[in-house]
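Below you'll find the structure I mean.
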Amino acid sequence: MDDDKGNAARTARWEERMEVPLGIASGLFLAGYAVHVLARQPSGVVDVSLIVVFASWALFLVDYAVRWRLSGLGLSFVHKHLLDTVVVVLPLLRPVRIVKVYDRQLRRHGEPRLSLYGRVIVYSGLSTSLLGFTGALAVYQQERGAPGTTMKTFGDAVWWACATLTTVGYGDVTPVTPGGRTIAVGMMACGLALLGAVTGSFSSWMIEIFSRGEGQKPPEDTKPPGS
Amino acid sequence: MDDDKGNAARTARWEERMEVPLGIASGLFLAGYAVHVLARQPSGVVDVSLIVVFASWALFLVDYAVRWRLSGLGLSFVHKHLLDTVVVVLPLLRPVRIVKVYDRQLRRHGEPRLSLYGRVIVYSGLSTSLLGFTGALAVYQQERGAPGTTMKTFGDAVWWACATLTTVGYGDVTPVTPGGRTIAVGMMACGLALLGAVTGSFSSWMIEIFSRGEGQKPPEDTKPPGS
Amino acid sequence: MDDDKGNAARTARWEERMEVPLGIASGLFLAGYAVHVLARQPSGVVDVSLIVVFASWALFLVDYAVRWRLSGLGLSFVHKHLLDTVVVVLPLLRPVRIVKVYDRQLRRHGEPRLSLYGRVIVYSGLSTSLLGFTGALAVYQQERGAPGTTMKTFGDAVWWACATLTTVGYGDVTPVTPGGRTIAVGMMACGLALLGAVTGSFSSWMIEIFSRGEGQKPPEDTKPPGS
Amino acid sequence: MDDDKGNAARTARWEERMEVPLGIASGLFLAGYAVHVLARQPSGVVDVSLIVVFASWALFLVDYAVRWRLSGLGLSFVHKHLLDTVVVVLPLLRPVRIVKVYDRQLRRHGEPRLSLYGRVIVYSGLSTSLLGFTGALAVYQQERGAPGTTMKTFGDAVWWACATLTTVGYGDVTPVTPGGRTIAVGMMACGLALLGAVTGSFSSWMIEIFSRGEGQKPPEDTKPPGS
C-alpha cells in the first residue's frame, strides 16, 4: 500500500519533469517524419530528419521503460497502459500529445477558461487536425509511386485525408496499396470517434445557447467555443 | 468600471442602429458576389456588382473599427471577437447574419414562437443553406475553366455543395484546384457542425414527441418544427 | 371561442372518418405511380395507373379543401398547415402516412407496446424505407434515358437511393439531370433527419440496456426494438 | 403461471448448457464459410469446410427447435423471437454471438469492469468488425468473377466493407450484382446503427471525462474505454 503510493508519487514527478521534453520530441518527430516523406531527393536534410525521428522514438521508449519500472508492475503494465503501448509502437500517434500541452499552456496564461463544450471541441478538433496531417503523411509514403495510384502529390493526400475524416469520401483520390489502405482504415475509425465528439459537443452547445437567455442577449454576442 | 458600462451601452446602441444597414449590406454583398461570379462576359453589370461588393465590405470594416473603438480594448479585441475578425477577413461568411435578422422579424410579427428544437433547426438549416450557396459560388469561381475540372456549370457546383454538406460525397463532381479544395475543407468542417445541430435537434424533438402524449393526440397533429 | 370548439370537433370527426380512405388512397397513389414509372410500353395498364394516381390526388385535394373550410381560417391556414400544403403539392410524400396507419393497427391488435426508442426506430425506419422507394421512383423517372446517365435500371435507382439515405454515397450511380438532382437534394435532407432519429434512438436504447440490469439478465434476452 | 415458470427455468438451463457449444459452432461456421469462399480450387479443404458450415447450421436449427419446444408457445414464438429467427435463416449474423461470450469471459477473469461507455464501445466495436468481415465474405462470394466488377480480391472486399460501415463510401470498389448490393444495403443499415452507438458513447464518455475532475487529474491518466 505504502509502496504503491511511493510509486505513484515518483511516477507523477517523472511525468511532470518529462512533459516539456516529450512535447518537444513529439513535435520534432512529426517534423522529421514530414521532411523524410516530403523531401524528394536523398540529401543531408533527409539524413538529419531520420536521425531526429529515431532520437525522438528512443526518447519515447526510454520514457515508457522508466514508467514501467516506476509503476512496480510486471507484464500487466502493458495491458493496463494499452494506449501508451500503442503510442510507443505507432509513434505517429504521439503528436496528439501536443494538444494536452496546448491545453496546459492556456491554463497557465490565465486565459478565460473555455466552457466544457468549448474544451471538447478544441481538444478533438486539434486531435483531428493532427491525425489528418499525420495520416496524410503516412499514407502518402505508402502510395507515392505505386502503380495506378490517384494520390500524386502531398496535396492530394491532405485532400483525401480531409474527405476521409469528415466521412464525405469523394473517392477521386483513394489509396490502392495494402499498407495505405490499412492506415486509412485506422484513420476512419479514429476520425469518426473524434468527429463524433466535435459534432456532439457543438450541437449540445448550440442547444444550451438557445435554451438559455431567450431574448435577454442576442445569440450573436455569445461567441462560439474556441473563438 | 463605470467606463466599461458606458462602453457597453454605447456598443449596444451602435449595434442596434447598424442592424438593418448591415443586414442589407450582407444581402447586397452576396448578390453582388453572385453576379460577379456568374455573369459570363465582362459588362456594366459586373462593374456595378464589384462596386456593391466592395462598398459592403467597406461598411463591414467601418462597423468593425467603430466597435473596436467603442469597446475601449486594445489588441485583445481581435482575440476576444475572433468570429467578427474572421467575418471581416472572409466576408463571404457574413450573409449568415441574415438568419439573425429573420429570427428577429419572426418575433416582431408576433409569430407563434417556435419550440427550442424548432429554432435550432430553422437557425442551422438556414445557415447551412446560405453556407452551401456561398461555398458553391466561391468554389465555382476557383474551378471554372481549370484543366480537368468536373465542375462545368454553377448547377454542378450547387450539386457538389449539397453532396458535401450532407457528407454524402458522391465524387462525380469534385474540386481540383488548391483554392477550391481549401474552401471545400472549410465547408466540410462548418457543414458537419451545423448539420450535427440539425439532426441532433430533430432526433431530440422526435423523441420528445413520442415520449409526450401517448395516444392523447395523434403524432401527426404535432406539426414538425419550422412548418 | 365556442365557434372554434365546434370547428375543432368537426375537423376531428372529419379526420377520423377520412383516415382509412386516405390511407388506401396513399397506397393506391404509390402503386399507380410505380406502375406508371416502371411499365415500359404505353398500354392499358399505364392508362389505368394514371387514372388511379390522379383520382388519389383529387381525394387529397378534396380533403385539404374540406379541412380548410372546417378550420374557419382564411389564408393563414396555408401557413399554419404548411406540412399538409406541401403534401398536397408533392403528393409523393403522402405515403409516409401509411406509417401512422400501421402504428394505429398495432395498437388495436393489442400488440405488446413497443418501448419509446422502439417506436421511434420503427416509425423512422418505415418512413425512410418509403421515402427511399418513392425517391428512387421519382429520380428514375427523371433520369431514364438521359444522356450520360449511370442509372440504367430501376435496381440502380434503388441502390443509389440506399447509398444516399445512409450518406455512404459511392458515386457509381448518380443523377445527372437537374430534376433528378433536385429530388436527390430533398432526399438527402429528409433522409439525414430520419436516419439521425434512428441512430440516435438506437444508441440511446443500447446505453439504456447496458446501464440497466448489470448481470441480472443476459443482454441477449432483451430483444432489439422492432423485433 | 406455474407452467410458465417451469418453461422459463428449463429454457434458462438449456441456454446455459448450450452457450459454449453454440459459441464454438459460431466460430466454426465463420471459419468454414471463409475457407469455402476464399479457397480458389475445389479441393478436400473446401469439402470439409462445407461440412463444417452445414453442421454448425444444423446445430443452430436444433437449438432453435428445442427453445421453441421449451417455450411452450405456438407460432407466436417466431414473432416474439424475431431476432433468433433471423439468425437461423441468415446464420452469417450468428458470429456476433462471440461478442457475448467474450464479454462473459472478461467477467469471469475478474477483469477490472469496464465503464458503461467502455462496454458499449467494445461491444459494438467487436460487432462492427465481425459484421464487416462477414459482410465482406458474403459480398465477395457474390461479386467474384461478375462482369464489370471492381472487387477483384478479398482485400478489395474488406476495403469496401470498411469504407461502407464508416459511411465514407469512396466508390472505387462497389458491388454490381443484385445479390451483392442487397447484402450491402443490409450492412449499411446495421453498420450505421452500431457505429452510431460507438460514436455516441465515445462523445458521451469524452464529455464525462472533461466535466469530471477539472485539473485534479490530467485527462491523459484516464485511459480510454477498452484500453
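Note that the chains are named A, B, C and D in the order they appear, and that numbering of residues resets to 1 at the start of each chain.
Please note the rule applied: a residue touches a chain if its C-beta (ideal position, glycine included) is under 8 Å from a C-beta of that chain, and two chains touch if they have at least 3 such contacts.
Which chain is which protein? Per UniProt: A, B, C, D = Ion transporter.
Treat the numbers as computed from the prediction; the structure is a model and nothing was measured.
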Practice task
Could you check which of A-C, B-D or A-D has the same interface as C-D, with more than half of the contact pairs identical by residue number?
Solution key: A-D
Problem - Farthest chain (mean CA position) relative to subunit A - result: C
Handout entry: Same or different contact residues where subunit C meets its copy subunit B, judged by the half mark
Key = different
Completion exercise
Two copies, subunit A and subunit B, superposed on Cα atoms differ by a rotation in degrees, nearest 5, of 90
Completion exercise
Note: subunit C sits from subunit B at a C-alpha centroid distance in Å of 30
Handout entry: Centroid spacing, where centroids are CA-atom means, of subunit B and subunit D in whole angstrom
Key = 43
Handout entry: In subunit D, residues with contacts to at least two other chains
Key = 167-171, 195, 199-200, 204
Fill in the blank from the handout: Per the touch rule above, subunit C residues touching subunit A in the complex are 167-171
Handout entry: Residues of subunit D that touch subunit C when the two form their complex
Key = 80-83, 97, 100, 107, 116-117, 119-120, 123-124, 164, 167-171, 174, 178, 181, 184-185, 188-189, 192-193, 195-197, 199-201, 204
Completion exercise
Given the complex, residues on subunit D that touch subunit A span 155, 159, 162-163, 166-172, 195, 198-200, 202-204, 206-207, 210-211, 215, 218-220, 223-224, 227
